[in-house]
Amino acid sequence: MEGGKKVWYFPDGYLPEKSTAGAMEAHEALMLFNTHEKPVAVKIDIYFSDRAPARDIAVTVPAERIIALRMDHPEDLAGNRIPPVTQYALRIRAEEPIVVQFGRLDTTQNNMAYYVGVG
Amino acid sequence: MEGGKKVWYFPDGYLPEKSTAGAMEAHEALMLFNTHEKPVAVKIDIYFSDRAPARDIAVTVPAERIIALRMDHPEDLAGNRIPPVTQYALRIRAEEPIVVQFGRLDTTQNNMAYYVGVG
Amino acid sequence: MEGGKKVWYFPDGYLPEKSTAGAMEAHEALMLFNTHEKPVAVKIDIYFSDRAPARDIAVTVPAERIIALRMDHPEDLAGNRIPPVTQYALRIRAEEPIVVQFGRLDTTQNNMAYYVGVG
Amino acid sequence: MEGGKKVWYFPDGYLPEKSTAGAMEAHEALMLFNTHEKPVAVKIDIYFSDRAPARDIAVTVPAERIIALRMDHPEDLAGNRIPPVTQYALRIRAEEPIVVQFGRLDTTQNNMAYYVGVG
């Protein structure tokens, strides 16, 4: 996958407080893009300001697919729960080069705002 | 084209529902920038979460021009229609190095929000 | 200047219509950052969708300074006027590596929105 | 730290005027992400449009941690005060590769807007 990378970093995670306002709540998501013709195994590490990292969260990206992981959904992170209103950072390690983007996925509002990671 | 690339990836496409509010609707666009003195042939592949990719959509970027393709306009994608409210990702392959940017092109609102791709 | 580059591309320029609302109007700006201990000469080329590019607009970035050029101020572009509501793209060529960022500079509003270039 | 860098540049700093509106004021922050198993020493240089840079502000990033420095808090910058409503730029030099992101950290508003640096 020319141009992909095996390691990606996203320093600026910060889940907002849960709110019930609006049809679709603000949240953060990780997009994993695999153009290979085979699945790619990925490990996610979550770093914090004041505690040891959570390591080796295993995810598989299917062949020729884009998947989105919700950072506020423990079921997308093998049961790991990221606390809200807490600075966190992500390291993504893939066994083959892929492309990863971190962002706020909020598509129903006109004034959608968007985090973007540096990779 | 020093600094350009032949392959670009944009993991976070998501067309909003069509709405009729406002003078200019929100939409996503792909900017293709060719500083070469000759046209450059480009192929666009669209990837999804739950189905096989649409491949080899052919586009030509004229010499020394910037063009913008509307992702919600099938006529800009050789007749391919991207379904709204669906996660998609793009791979752009050019025969010569070019520069590509993916974004939300919405210039008439004061509180314009903007997707940006990682390339 | 380790990590700087001699050539930068920004595909997504689009000046809004002039408006008189608000204390500070929305606009686009180009930030040129030179950490060298000597001035660096820069040439700016402006590309369009439907006409030949405007080339070789000369700018000098002073030693150890950051400067911001307003894209809607012809005096910042050696007299060149970029038409509003028109897609344009920029190529920046510097004689020494520098760092360039293209963006919307609008710092007085709470819901500031921001273009960012891919470089 | 595969993929990290020892030098990072952020050309577009601009602290807003202090305001007292809202539960959390808009501000700029620098996120420093160190996945090494040892602390990393960092020097921050602040550049301006019209004066000499402030150099060699020393910061240490603890092992396996993400830290966020508030640009409007002199105590986060070894006592250096960045004037508001003034264009500034940052150079970050680390003794080992790290990942740095510059942004506006404002997570409590629905229409959060976000600066992002080019690195």
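For this structure, a couple of remarks:
We just call them A, B, C and D in the order they show up, numbering each chain from 1.
Methods note: contacts are C-beta pairs under 8 Å (C-beta built on N, C-alpha and C of every residue); 3 or more make two chains touch, one makes a residue touch a chain.
Given the structure is predicted, the values throughout are model-derived calculations rather than measurements.
Overlaying subunit A onto subunit B using CA atoms gives a rotation of 90 degrees, to the nearest 5.
Residues touching across the subunit A and subunit D pair largely diverge in numbering: under half of the numbers involved belong to both copies. If each chain is reduced to the centroid of its CA atoms, subunit C and subunit D end up 22 Å from each other.
Separation between the centroids of subunit A and subunit C, computed from CA atoms only, is 32 Å. Residue positions 111, 113-114, 116-117, 119 of subunit C are each in touch with at least two other chains.
Listed in rising order, the residues of subunit B touching subunit A in the complex are 5-9, 11-12, 14, 16-17, 21-22, 26, 45, 47-50, 52-53, 85, 87-89, 91, 109, 111, 113-119. Residues 2-4, 31-33, 35, 64-68, 99-101, 103, 105, 107-108, 110-114, 116-117, 119 of subunit A are the ones that touch subunit B when the two sit in their complex.
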